[in-house]
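What follows is a set of notes on a single structure, which appears directly below.
Going in written order, the chains are labelled A, B and C, and every chain counts its residues from 1.
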Amino acid sequence: MSTRSGRVPRGRARRRVGTVVRLIAALILAGGLYAAFAPGVYAEEDPQLSQAAKDGKAIFDNTCVSCHGRNAQGVTDRGPSLIGVGSASVEFQVTSGRMPLARQEAQAERKPPYWSDPEELDQNARLLGQYIQELGGGPQVPDGNLRAEGGNTLARGGELFRVNCSSCHAFSAGGGALSSGKFAPSMAAATDRQIYAAMLSGPQNMPVFGDNQLTPDEKREIITYIQNLKEDKDPGGWGLGRIGPVTEGLAIFVVGVVAVVFAALWIAGKS
Amino acid sequence: MSTIGSERSHTAGAGDTAHHSGGQPDIDVHDPSLSRFELVREGARRDGVEIVHYAPRFPIPGTKAERRIERTIALLFLLTGVAGLAFVVIFVAMRFAYTPGTNSAKLFTPLLGVTFGVALLTLGAGIIMWAKKLLPEEVAVEKRHLGGSPPDDKKIMGAQLGHIAEETAISRRPLLKGALLLGLAPVGVAAVVLPIAPLIKDPHGRGDPLLHTGFDPEYNNGNPVRLVREDGTGIRPDDVSAGGQMTVYPGIPHGATNFWADSPTLLIHLREADAAVARSNLARIPLNAPTPDNPDGGMWQNFIAYSKICTHLGCPASLYEQQTNRLLCPCHQSQFLITDNAKPIFGPATRRLPMLPITVDDDGFFVARSDYQVPIGPAFWERS
Amino acid sequence: MRKRKFDLNALPAAAGNEIDDRLHAATPLRKLMNKVFPDHWSFLLGEVALWSFVILLLTGTFLTLFFDPSMEETVYNGSYTPLRGVSMSRAFASSLDISFDVRGGLFMRQMHHWAALLFVAGIIVHMFRTFFTGAFRKPRELNWIVGLLLFWIAIFEGLFGYSLPDDALSGTGLRIMNAIVLSIPVIGSWIAFAGFGSEFPGTEIIPRFYTLHILLLPALLVGLVTVHLVLLLLQKHAQWPGPGRTNYNVVGERMVPRYASKMGAFFLINFAVIAIMSGLFQINPIWIFGPYKAAVVSAGSQPDWYVMFLDGSARLFPAWEIRAFGYTLPPIFWPAVVLPGILTVLPMIYPFIEARRLKDRRVHNLLQRPRDVPNRTALGVMAIAFYVVLVLSGGNDIIADQFSISLNATTWAGRIGLLLGPPIAYWVTYRICLGLQQHDREVLVHGVETGIIRRLPDGRFMEVHQPLGPTDEHGHGQLEYAGWAVPKKMNRLGALVPTVKGFFFPVERPSRTPIGNGGRPVSTGPQGQRELEEAERPR
């Protein structure tokens, strides 16, 4: 198994009510704690943690430990080890609400984050990230502006987007289906940092785009293109969800054919 | 649906002239006492059309209801004018140059559509109302002749055709028939060959393009071809993270352009455990299998490269799922298992994605050991 | 010099005389103007296609003024900033110019595209009208075949147009077309190389498609549309049965002015619908797709809706490849070459199959209600079910994504649906047709349900029925079924509330009499009792 053994069992325990999940989580937490203590080797406190990481560890032990285990070493069939995933991964998963996971299914979905207050969310995500970072290193999202400037930014970003991203997320960044119930999510709600973090860390089935493959500048160009694409109002009227021929075909029947048939009924009607 | 019978009863008083049945002798059209409508009806009758019911919508002209309809139609036509004017003004005066974001230029096309559409819609609606509400209502019956022409005409036509054959006497003159056929045959062949022949190209001609891609050393002076990015730069193993993938092109001139549309390749860096599975599966396919002088087989360490061109219909199969190690083609949903020589595991594809045998050259860049060993992309007849 | 008096009022007559002296047109023109057309909304569906085609010719001509069908590489330098500096073909660059740098160009492009979608949609609904009403029967088989040819040419015309801008979506479509041609046994690769001029993509295909798209196929379409209309004029339009309507006449309105003005107005309304859609709904945003690059693709890549059924069949067909003696028959050959072939030939010979099966050599100018021919109607609905499953499967990845269904499950649903859906559709339609027929006969025999419940002297209750015409001694109606709608509600008989005229709002006042003078309610004596027993008797 790889370090990211986050392969989710394909069983569809879908319609579990939240309380049941929490109950099971609590039971497994107990088991997980036991398992974490049993090897005894990694159980010691690491004295070299910074203050921020210690704060992060406190949050971790409160909200994440049930699945990812003590010191983030993972729990078999519950959650993968987080050693070496880096703060980028933490930031992506936590700020997009994917973690904590609501239930085990084909893939984690974006949902309202654990902390509803954006500042608190940001703060806690960074603390958690710091903790995971100090545990095992890994990719980090740089601070500061993640947009690129300059004349051909959009064009270059667009070319990179179309070669690397659109095959799964579609030209419109609206997402698309993958095999067996998995999907590439829509980027409609994705922030600059989330997109950057996703490219760096390759969450779930997304391939990793390391800094040697797409340089930080190239990542910034892609982000600039995506955000511009999302904000750019369609010049030709309503974009029909930018889905393409499927919604266009639907529109010609629902609007076009219905309208002309209505007109035909009026013309041929007796009165 | 109302019927003729009922409409007749509706207008018993209105159009007494409309109730003549057919079959009367032609009237004298120069009779000055005839009204215009009587002439029209006579014309229709001569064309086999009987106007059986004809009545004004408003027997008493100028009623309130009639004027209301007139006003409505007039309003529609005026709206046409207003919308048409708005269209012209918008078309001529409005700024439409592309500007990113939300701005008034984005309203140019919608406003054109709405004003133009409303102008046509109101014009059309006005005409329909005019035709339906103001024009006198009419029911006309046209005779229809069933089947073929009258027997006399059929007979005459038959005789005429037979006569033509007789005149040329083609059956009596076998020499002429044969000579004509012999003369026409080459002309016919020429007529077919002339437009088609210039189009014919031997698909297995120069370079046998269906069997070779840009990774063939032949296109690189016999040297192994590097795997390069779109901008032509080479790729080192460090450049692709584990769990990552990169679209690569042959490192030859114009290698990343559509001229080499058969060459885009997906270079995948498998995670350690997945790579072990992939390596153990290599032996299943002789072409990819390790050999004594090449113990890695088609792979290089944890790197594996497959043609990006789907073996079903040629779309780029590039939806790489790094945990399940599946590669999905977005056009027809064929799914390939990366860790088992890209075996098709779902969907309409029948063949594995061809593997590009790779290694790393002395400068530390990925190169293709050879070209693809089977034709890439969709299958065709002479592909074994 | 004496000034000749110029009489303005006499001018039209004089001009008419002069023209007729030269053209001898008075009689044929009058014949044409007196042509009678029957009036029914479903007869206007073909006009939807006709008028869309006219709009396509108008907008298409405009687009040719600015489009450059060349696959030569160029660097875009127009006003759409996100693509500035990107290398692309001149075809794509000029399509972008039409969209962003030609005043009204985007509007024209969108009208052209929407009109194309409506064109094929109009053809299809018109075709189903023709099929379900039996309008394809003798003497109109030839026009049915011409119509089918028009349908297929229209699809190819649309497909070629979709391929012209050389955006990433159309390039992907071209590549699929190339693969489909390659799959043809023996000569596939030869045809592909003849068409593309080299291995895919080459530099020839877009210029060639352009010639086909703006010259050859439109000329064919114009020619066949003319044949279609001339045949219609010669054979005269079929009509619904009804009082006064026979196989030997056409009942309706003369062409000029009523029918012609309505036709003209319908053209305007078609144009208006397309214009409004083109303003409000964006179609085919090629600037988002970007230029075609062989390595670029997008999730959710589809052809336009009218080709989607072929894309669906390509998705559903199982991975069955035939390899023998060193040769390959790719699986795509069956769903993308053989299936369209069957779909072309089968409907073309259907009129003859049906006539042969029914040993029917008569001429039919009266249409049939779909319920009266359950077998044909069920076959038609079966074909629709087959088609709809294929179309939906052509977008199954979008369906999977939008409704959070597994992609693999949608594929299997399509495969199973394609096998089970049509027979089920056949059976259900057949039963519905029989049920509707039965109800018609019931109303003819027993009359319309009035909703009035009577209590019989012996205490039982029964509903009073209003017979449609004179009754026999059992109280049963004697009207024959005439192949046309049987009134089933009292207000259809002018009773209770009469049929109220007016399309948008009533133009006449409903009468106040509860029962009209059309007939009297059936008596409730022994006759009514018999009726009740009649109704309870098992059939």
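Basically, a contact is a pair of C-beta atoms (placed from the backbone, for glycine too) under 8 Å apart; a residue touches a chain by one contact, two chains touch by 3 or more.
No experiment lies behind these values; they were computed from the predicted model shown.
Taking each chain's centre as the mean of its C-alpha atoms, the one that lies farthest from the centre of chain B is A.
Across the two interfaces under comparison, A-C and B-C, the one joined by more C-beta contacts turns out to be B-C. Distance between chain A and chain B, defined via averaged C-alpha coordinates, is recorded as 37 Å. The distance from the centre of chain A to the centre of chain C, each centre being the mean of the chain's C-alpha atoms, comes to 44 Å.
Centres computed as Cα averages put chain B at a distance of 16 Å from chain C. Each of residues 1-2, 98, 100, 108-110, 113, 124, 128, 132, 247, 316, 318-319, 328, 330, 333, 335, 346 in chain B touches at least two other chains.
For chain A, the set of residues that touch two or more other chains comprises 159, 163, 167-168, 176, 178-180, 184, 228, 232, 234-237, 263, 266-267, 270-271.
Within chain C, contacts with two or more other chains are made by residues 81-82, 100, 106, 110, 262, 265-266, 269, 273-274, 277-280, 293, 295-301, 397, 407-408.
Every residue of chain C that touches chain B in the complex is listed here, in rising order: 30-31, 34-36, 73, 79-82, 100, 103-104, 106-107, 110, 139, 171-172, 175-176, 178-180, 182-190, 192-195, 197-201, 236, 240, 242-244, 247-254, 257-258, 261-262, 264-269, 271-280, 292-301, 311, 314-321, 323, 326-332, 363, 365, 396-397, 407-408, 411, 484-485, 499.
Of all residues in chain A, only 1-4, 6-7, 159, 163-164, 167-168, 176, 178-180, 182, 184, 202, 204-210, 212-213, 228, 231-237, 263, 266-267, 270-271 touch chain B in the complex they form. Of all residues in chain C, those touching chain A in their complex are 39-45, 47-48, 81-86, 99-100, 106, 110, 114, 117-118, 121-122, 125, 168-169, 262, 265-266, 269-270, 273-274, 277-285, 288-290, 293, 295-306, 308, 391, 395, 397-398, 400-402, 404-409, 501-504, 507. For chain B in complex with chain C, the residues that touch the partner chain are 1-5, 43-44, 47, 49, 51-52, 91, 96-98, 100, 108-114, 116-121, 123-125, 127-128, 130-132, 135, 138-144, 146-147, 196, 199-204, 209-210, 247, 249, 256-258, 260-264, 308-309, 312-316, 318-319, 328, 330-333, 335, 344, 346-351, 377-384. For chain A in complex with chain C, the residues that touch the partner chain are 106, 151-152, 154-155, 158-159, 162-163, 166-172, 175-181, 183-184, 225, 228-229, 232, 234-240, 242-246, 248-253, 255-257, 259-261, 263-271.
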